[in-house]
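Chains here go by letter, A, B, C and D, matching the order in which they are written, and residues are numbered from 1 within each.
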Amino acid sequence: MTIQTAVLIETLTALGAEVRWCSCNIFSTQDHAAAVIARDSASVFAWKGETLQEYWWCTEKSLGWGSGGGPDLIVDDGGDVTMLIHEGVKAEEAYEKTGKVPDPTSSDNAEFQIVLTIIKDGLAANPKKYTKMKERLVGVSEETTTGVKRLYQMQANGTLLFPAINVNDSVTKSKFDNLYGCRHSLPDGLMRATDVMIAGKVAVVCGYGDVGKGCASALKQAGARVIVTEIDPICALQALMEGLQVLTLEDVLSTADIFVTTTGNKDIIMVDHMKKMKNNAIVCNIGHFDNEIDMLGLENHPGVKRITIKPQTDRWVFPDTKTGIIVLAEGRLMNLGCATGHPSFVMSCSFTNQVIAQLELWKEKSTGKYEKKVYVLPKHLDEKVAALHLGKLGAKLTKLTKDQADYISVPIEGPYKPPHYRY
Amino acid sequence: MTIQTAVLIETLTALGAEVRWCSCNIFSTQDHAAAVIARDSASVFAWKGETLQEYWWCTEKSLGWGSGGGPDLIVDDGGDVTMLIHEGVKAEEAYEKTGKVPDPTSSDNAEFQIVLTIIKDGLAANPKKYTKMKERLVGVSEETTTGVKRLYQMQANGTLLFPAINVNDSVTKSKFDNLYGCRHSLPDGLMRATDVMIAGKVAVVCGYGDVGKGCASALKQAGARVIVTEIDPICALQALMEGLQVLTLEDVLSTADIFVTTTGNKDIIMVDHMKKMKNNAIVCNIGHFDNEIDMLGLENHPGVKRITIKPQTDRWVFPDTKTGIIVLAEGRLMNLGCATGHPSFVMSCSFTNQVIAQLELWKEKSTGKYEKKVYVLPKHLDEKVAALHLGKLGAKLTKLTKDQADYISVPIEGPYKPPHYRY
Amino acid sequence: MTIQTAVLIETLTALGAEVRWCSCNIFSTQDHAAAVIARDSASVFAWKGETLQEYWWCTEKSLGWGSGGGPDLIVDDGGDVTMLIHEGVKAEEAYEKTGKVPDPTSSDNAEFQIVLTIIKDGLAANPKKYTKMKERLVGVSEETTTGVKRLYQMQANGTLLFPAINVNDSVTKSKFDNLYGCRHSLPDGLMRATDVMIAGKVAVVCGYGDVGKGCASALKQAGARVIVTEIDPICALQALMEGLQVLTLEDVLSTADIFVTTTGNKDIIMVDHMKKMKNNAIVCNIGHFDNEIDMLGLENHPGVKRITIKPQTDRWVFPDTKTGIIVLAEGRLMNLGCATGHPSFVMSCSFTNQVIAQLELWKEKSTGKYEKKVYVLPKHLDEKVAALHLGKLGAKLTKLTKDQADYISVPIEGPYKPPHYRY
Amino acid sequence: MTIQTAVLIETLTALGAEVRWCSCNIFSTQDHAAAVIARDSASVFAWKGETLQEYWWCTEKSLGWGSGGGPDLIVDDGGDVTMLIHEGVKAEEAYEKTGKVPDPTSSDNAEFQIVLTIIKDGLAANPKKYTKMKERLVGVSEETTTGVKRLYQMQANGTLLFPAINVNDSVTKSKFDNLYGCRHSLPDGLMRATDVMIAGKVAVVCGYGDVGKGCASALKQAGARVIVTEIDPICALQALMEGLQVLTLEDVLSTADIFVTTTGNKDIIMVDHMKKMKNNAIVCNIGHFDNEIDMLGLENHPGVKRITIKPQTDRWVFPDTKTGIIVLAEGRLMNLGCATGHPSFVMSCSFTNQVIAQLELWKEKSTGKYEKKVYVLPKHLDEKVAALHLGKLGAKLTKLTKDQADYISVPIEGPYKPPHYRY
């Protein structure tokens, strides 16, 4: 719920939608943006610095259209609303069949326990709430790598309950927001949180996907010496071609000054890693959930002491060595927690994709074009998103002649590339 | 036929192949490499500085296994051999049906006239030559964007005569050879041909695909001010995000010092463009055929005067202005014509893909796995190519835990990315 | 008065000094840093967001050691305290001779009127205040280009009242703080103030000295297209060699998105320029005083409307066009006004120079080594500053052999370069 | 004796000089350039691939104006002619006093033995040759760091025989030729000599002066991981600020792929270092004389085997390990030996300085302005050199107003910077 999201909400409202909104991250809400939207445009359930309990309360409230109501469309970012509805439906089906309610203690994961509790608590009063919701739902458009991964898993398992458009894999999203957005917002977050001079420092970027590429590029250009960790040999070779060293995390624990996780995976930097770091090493995550960094292990480490330098910037001191590390945004997305997220221009690309996806889902709601599967936007719409952003930057496109278009077998007006083209 | 190709030939020979070889470019043969291969490993039909007539004579000779013979597999680069066989079969079928032989004058294209002449001249003596050849052929692996485009067109038209593996679209080819290869070899060619100082100059890169990205990056890093021309709004927006200006060719004719075509299309820089350029502007092509630059128009321009500074570096002086432009490699690929092509490391990635594709086609020759279609290599082989090259550069990969692999739903040993992943 | 200055004060205090402190910029004080110093270490006269009146009140107060007292040494930054004392002495001499007090209305400059008023107001009560002060003073060390310029002018005019060490021209100051400091803090200030995406934008850097070089480098690396304005052909040629375009401000008024002044001169961006800029063009100064930007002209422009987006970020709307520009930090140093100034590592280099200069002045206070002139630190001390900072970054120096040192005629332990060496 | 030098000779000739020319490097002559000059403009004593014996024969011949003659002015590059005359005069003085001739065996240095032999051999026949020469000589202008160092040593010792202008320390020389020239010509030399892919490689740059900065920048931008060795803590800190690692040579012997010396010192890479390098590590010098690399130690290493891959590219195989290193240009300047030296634009800056210095020396030959000391060109001439080169790159300078010029105390027309300014 940043100012960019606010403009998205205003856009959807201008297009005729009635919008209810919650945040996707406990730290990312810009309260001034939320306030304007609450006043003018939509119901907002979000504020900066929610507890997890509050976060899920907000998420549920954002679905509360009142009796018989519910959203027609979901604009998702991380997939939490989509997951809540799917878990809700699953619980309602089990409840109907067996009368059993979900058992929060069945999960190890503290956050998932909250989700189950919310579902459990509503079940008796409204045992068809999520089921009715999914029946009404025309579809979801999802913009994150992580959210999309969940959708494809559900598609593979046959459990996806409504059509989904994968906005993340529009070129104008994944190759822009993830790459150029993070190239901007990683140093922004680092500087706002710590004022550290990046030049001369050794920085480790865990993961060299689009987000990692953006981060490594920003750090290198700011004068850091960048070391990448990777599991994928292709991405590793790309890092090498840019002059970056590729090592394992263990190799660099005692020498690096800045650690950034960008993997979209979990358990990347564990408390045992953190204990071996230099005093005042900076540890942050710009990839995905806070489980990229072992926050649980850190919090539960015997004798560890947390000193809050300022909100979202904590120094954690280990009892044996008396040395401490600086953890940003409690392990959550540091660009949202410590800075203001991605800048408007790149978010405009992402959100143009979202809006186009919403329009497409709604237009085709009765045609059966979209089944309970995951779709990407057709390339001509992807190119349209880009074309809409060129004028602002003063660019002039070249036009193909008919002859040239025929020569390379594309329509004059595009799309210009085959689906597998990688940009 | 560079030293890298020579090592590819030695590799194929060591794997048991009997190899016959021709070049894909009239200027690219390194005679010392050809000589070693001719002595030790294979029949070579290539030398530096062929005429077009000689080029196609070589191409035909490379197929000459003697009566009843022909290649089992083709390693193609640009698709000329594949095209010759397809045209040959077409002519033989027409000849069988109608007795008509191909008419070279039916084409405007001087080079294609030579192709048709070669086919025509052999038709009476051996009217089933190419037909027998295609029957024997197990398949082709093709490594260029241009060659692959032809293959997909034939697949679409239903005219493809044998299976094809598109090696160009392996990540470890298109995102390495095209990008990092050209980043190396464009300045190399410029420097060897002209000794021009790139810093401070205005350079225009026509096209911002993988080749254009590599070229623009190299020129920018060498201190040029780079301007990009593009038809595709997505690629144009990528150029802008890197700080490059996007304009049309007409906008920059009178101010730019260096022009590079990378489009894979034709008619990019026409003679009317060239006449408006600064004196001693450098014009070169690293994209595809010499028709990116209007060499025909230039040669036929009334009163134009060609002054050969040294082989592959010509100054063309226009009669009205007395100003001249420097054209490299007669409009053909300047990195092959004026330098030594791409360096070994990146060619090793490309050729490892070629070798793996050849092994795959041969292994499956009787299984029917490959139909008369175009295939890309499976991702695990693409990752294997990368993995084979990491050790040389001192990289250490991180290993997924079982838990992490499950969390992101990939096998521990890969492949790690979905097919649509763009790297 | 940033946290870095606080550590400088603590250092001086630890070395035995009694410190009184004021700020050099009305916006740059970090109140938390000031609070800690006021509590623990020194008298502080500074807060974020002073008026000019308050600023000079603070400056005068910082000199108030009580009757008969005054500073032994000055650590100056911009030269305002040094200027106040010199103006004070000048006024006292005139007053003694002629009985005339300074006339604030004799100056056009609003700020200088305040200075004269302060001197005038104190003159009757204490007509020898500044004269006694200068007699006590051992010297000043000054760290800015602007302050140093004033010192050399006074030296040339024969009006310099006490010895001065030019810390700005230590290599470890001017080539570090000015260059790398601004490379860090310019984008930091831009991002904190405006959240603008720098990639894809056209940025104009006025001046390509050390500060301009740092700014241009940062903007280019963040993906902007950078255009430089320069008066000095050598610096202009340096910009060109880095691929930057060199134009005049007039050439780019209507196309640029971001304007940064770094000249150390005045009247760089005038209100007539600002009127011709794009809507929401960003205008800021990181060079020197707020007179690089014509703030007076802007404020007095008929019908102009100032809309404060947030502190230090104002949108100024012109009545005719209804378009507005965004001015940062009211034209004052934007890295101090909108961000937190330079990061600690680079300030440590600068302040180590300051401390060494203070120690040197004090050590030599009775030896006559330093006359009423401007001195730079000897090179071996400059090298010492650098050497003290290498360990933090993990660097290992190579040692000359005796033979090698003799060969290039330097001592084994340095200094290694002749005085004119430019680094 | 490159094509750029040829244009310099033509320029001097057009200005009225009678020119005799020799090379400063046994490998750097471009024979086609030498041929044209020999035909049209001057006596040339230089060819590509001289022996040391031939080199000094050429050097002496270039001074041979016939009986009673000799040069009025010297344009020197490295200082060999200047050194020969000084050694000649010294020998002649000793011979006159004592009748003793120089003893070549008194030196360990093979090259200096040749110099002494040449002097000795001419002494009997013409015992005043160099003495008369120095009496006629108006002065020398010298353009290299190394040559200038010798001049300052002679000035310090009081042995300098005629005025010298240090052209190397013009900003438009040392900060352009050394920096941007090497940034261009180092990768050029590497690519022409070895075709090695620079991306992904580990490159060590010994020395981070202007030449080292240019080399490191070029290698980094081409995708290498660059490690710097330095003795000077200031230069080391500059390297760190650019994200380069600073280590000792010993730290990286077994991991680096490319070694470049740029120090201007001797004994940088010794044979014991070379033995510990990776197989096919590339070793080259772009700094100064071939003694940066221990060529003598390498040649004399027991059992070492030299395999000439092509001229100026040798593989040296060590007997114990059977591994070999690639040495470029026999340890001499690799950009001259393996490529074509610096490009014309940057040499034009350097040579404009040379021409201006020659004109200045000649104009003042009778005024006594220049004593037997070393001078740098005044800043306004340095700025003039830059200004003369801006138009070619399309730059537009900004003009100071009178008011602005006064404000910063410089003339409107420059010079704009104090002498100590570092650019």
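The rule we apply is simple: contacts are C-beta pairs under 8 Å (C-beta built on N, C-alpha and C of every residue); 3 or more make two chains touch, one makes a residue touch a chain.
Since the structure is predicted, the reported quantities are computational estimates derived from the model, not experimental observations.
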Where each step is a move between two chains that touch, what is the least number of such steps from chain B to chain D?
1
Matching A-D in over half of the residue-numbered contact pairs, the equivalent interface among B-C, B-D or A-B is B-C
Report the inter-chain centroid distance for chain B and chain C in whole angstrom, where each centroid is the mean of the CA atoms.
56
Chain C to chain D: how many Å between their CA centres?
39
Numbers and ranges of chain B residues touching at least 2 other chains
180, 199-200, 223, 237, 240-241, 245, 393-394
Once bound in the complex, which stretches of chain D touch chain B?
3, 180, 183-184, 187-188, 191-192, 195-202, 218, 221-223, 255, 339-340, 342-346, 393-394
Which positions of chain C touch chain B when the two form their complex?
199-200, 220, 223-226, 237, 240-245
Chain B - residues contacting chain A, complex:
149, 152-153, 169, 171-172, 174-176, 180, 210, 229-241, 245-249, 251, 264-267, 349, 376, 382-384, 386-387, 389-390, 393-401, 403-404, 407-409, 414, 416-420, 422-423
